[in-house]
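This report concerns only the one structure given below.
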């Protein structure tokens, strides 16, 4: 019995002593932090994706609390509701952010862009891009090895096994920008999502002369500038044999899409066209 | 030529070395020891080894296929080696069901639950053996007398190490221990056979000399120093080298790729640690045999050793000529 | 005991099937494509345009910046266009397309084959001639030679090392050059010694080229200060740092250049080009290329003009074998796989290796079994499997601490790995990333 008592007392004393030491150390090394930082952090989605430009939600929360205004600070994952909550905690107004979405600017499917060699290295776009221009004739186009898929923390981008191109899942993409950074060929871009998720973009990044680009891929942009000529809003620029539609200027009128000889410009989420008479066409141009 | 050219980054040739080649190299190195075990224990040796291999391979196949739902990789030979080494570490008359449990633990817990080959922290065979030792101490510490042993004593007899602490006058001669005919587990028999295996492993570049030599050197030096001051059999370095699982452990178990350090410096530290702990347990611990525990403990330190040792860098020695 | 480097190393079979085949010429095709980027450093600016007439040796591309090298026409004819063509980088880069007409050389080039031993130029004049001739490292690295031979201020070269090692399996172009142009190389060595102002040179040759060792040994008796050293057959014996370690016992410290231990290394092919440039006013417009491989019908060493598509060279070696899987420009350890046979020969093309399909494809990789064979054989004393892990998990500061930037990309680790892990692929990626981080840190500091 006394053995039991000794054991219990000894262990009890050791336990209590350790607890006391731990408590004292905890107090001594305590980090004083503005309690609002934790409050803001709790309001964030905790994805730690880096889409805000900060290394993790804790850093973003800290930046929000320390900043004088919330301009320029945006959590793309949580979006407007989250920024409103943060603003409420800090007693500020949340800036209105434009909803963006990732756009893959390449349509070089296996059908449109034939393979000319067999790539046998690791399935890693960065490694392949450092080696050569890819397994097709177009050295600018998507390699289809999935660095973008690896980088996405929201399961919002996948490689379509038939086309070997990445496809963005609209309702999951938070425009955090991870895939944009991951793509070694700068094919993915964050563009305005547009009303009803509509957007128009040139689905090509090939800067070769038209003839050369067309030879490697049926749907390449050949830089013919027909789209630029027909655009009523001066939203299209041509540099290095490649057309580019400027987000802010484009009004989604769709005039450029049918005039492209290689069908390189894509329109997403629009209703199907009706065929118009020339008189109706002329009327809409003036409008 | 119709086919498309293959493009991949350099290098474009390969040595042809595979995991299988290295595993089978180890198995070949174990053949001399196996032959001695067959000679000493006859059919028992064959049965226990074959069953251990069967259980280990079988369990690995079943667990990988049905529990982990992946393609089984038993062809790489590592499960076979675990089986053989486990069989070499246990009494040759161990009940089969206990052996099966040991194999299940070695493969299922010590290897597969960590992620399979390459990801385990502890040597599976050693872990299996220690599991059996702690769970079935009675069955695991009674060693059958070999048919040709010089000390015949009913059906079972103590091993050399068992005698070392208590009854040193019953020790067999050094020659017996070296050539291999005393009581013990299958793998403890012949130091000569095991050294032949070491020669093969070194020649085929399966392992490097660092771990076996540092273990044996540490044991020799540690016990040697004690022997100089007190020359009793308990401190005799040669007895320590040739008895127990030291040779088997130093050559085949401590050198397991996955659980040993990757740098030469690290390997020497690891070997020294094993040697030191082995002797400490043998001389002052409760167990007669310390190699298994020593290896297990040093396995736990391997990640730490890996972190703190680096290979000899090019450019550290600026001039010598 | 043969000298060798002290850390790591592997022993691939050397397969020098074309070693006994004398250098042979090749017909010049109707058109050549001369890339404007054949060296480390900025690609050249073209100085010719469509319609211009050129002769062999005419300057067609001028240096841009200090680390750059001139490019000369390797044929005579008319410039068709300046357009993009796939070169050894794997991408389409600017190149000069020339329609071949005849084989007229610039008058200044001395085409006689007699040995010219005397060189009365000063060190600076020699370097200017080397720069004008567009000479780059012909071992494959293509570093502009006049830059290498201009030591940074404060450093003093003590010894010149001539790299006749050719440690890559299959390649024999350096071997044949050594056998057939021995005296020219010796004169070239004296010229480089003069340019560097050193009085000691060692020619390092691997022991599988005993005829070359003997020939150079005899010739060196007439040249004070030049010695020949036979080296153990081991890869990468020809790596600059390893060669310096083997021959002088000095190891170049991490991040430093060979000149920091007083050594300058030059490939034998480069030395021959230097002789031809300084003594014969011939710019770098052709080189010996080994065409070889398991199923190649007639492995050979071809003296090819720059700009000829490699397909022509393969045809001269008996045509592209039916079993072809991969075509590698360079050796099997560090060479680059080509996506087509239209790629032209450049200053750095040491060989064309044709690999059969069965050997061309990689095996699927398995988990690392921590066998540490890659650690044992790494010639720079690195831990390749750890570097691969650090790169995969993007731990860049850890990778930098583990000296990922020391990697010479020799390929020994991937070659050795029993689990078929693509160690070098990841290390290269990590090395590039860490180097750019270091560059950013330096510019921000």
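Should a chain be cited, it is by its letter among A, B and C, assigned in written order, with residues numbered from 1 in that chain.
Operating definition for what follows: a contact is a pair of C-beta atoms (placed from the backbone, for glycine too) under 8 Å apart; a residue touches a chain by one contact, two chains touch by 3 or more.
Because the structure is predicted, anything quoted here is derived from the model rather than measured.
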Chain pair, A-B or A-C, that carries the greater number of C-beta contacts: A-C
Most distant chain from chain A by Cα centroid: B
Whole-Å gap separating chain B and chain C, where each centre is the average of the chain's CA atoms: 48
Distance between chain centroids, defined by C-alpha means - chain A, chain B (Å): 53
Rounded Å distance, chain A centre to chain C centre (Cα mean): 42
Multi-partner residues of chain B (each touching 2 or more other chains): 5-9
Interface hub residues of chain A, defined as touching at least two other chains: 116-117, 120-121, 127, 131-132, 135
For chain C, residues contacting two or more additional chains: 336-337, 339-340, 360-362, 422, 425, 428
In the complex, chain A residues that touch chain B: 115-121, 127, 131-132, 135
Touching residues (chain side chain B, partner chain C) in the complex: 1, 3, 5-15, 17-19, 21-22, 73, 76, 115-119, 208, 257-258, 260-264, 310-321
Chain C residues touching chain A - in the complex, by the definition given at the top: 84, 86, 89-92, 336-337, 339-340, 360-362, 422, 425-426, 428-429, 432
Residues of chain B touching chain A in the complex: 4-9
Footprint of chain B on chain C - complex, ascending: 6-7, 10, 12, 169, 241, 245, 248-254, 256, 261, 320-322, 324-328, 332-340, 353, 355, 357, 359-363, 366-373, 375-376, 378-383, 385-386, 402-403, 406, 409, 411-412, 414-420, 422, 424-425, 428
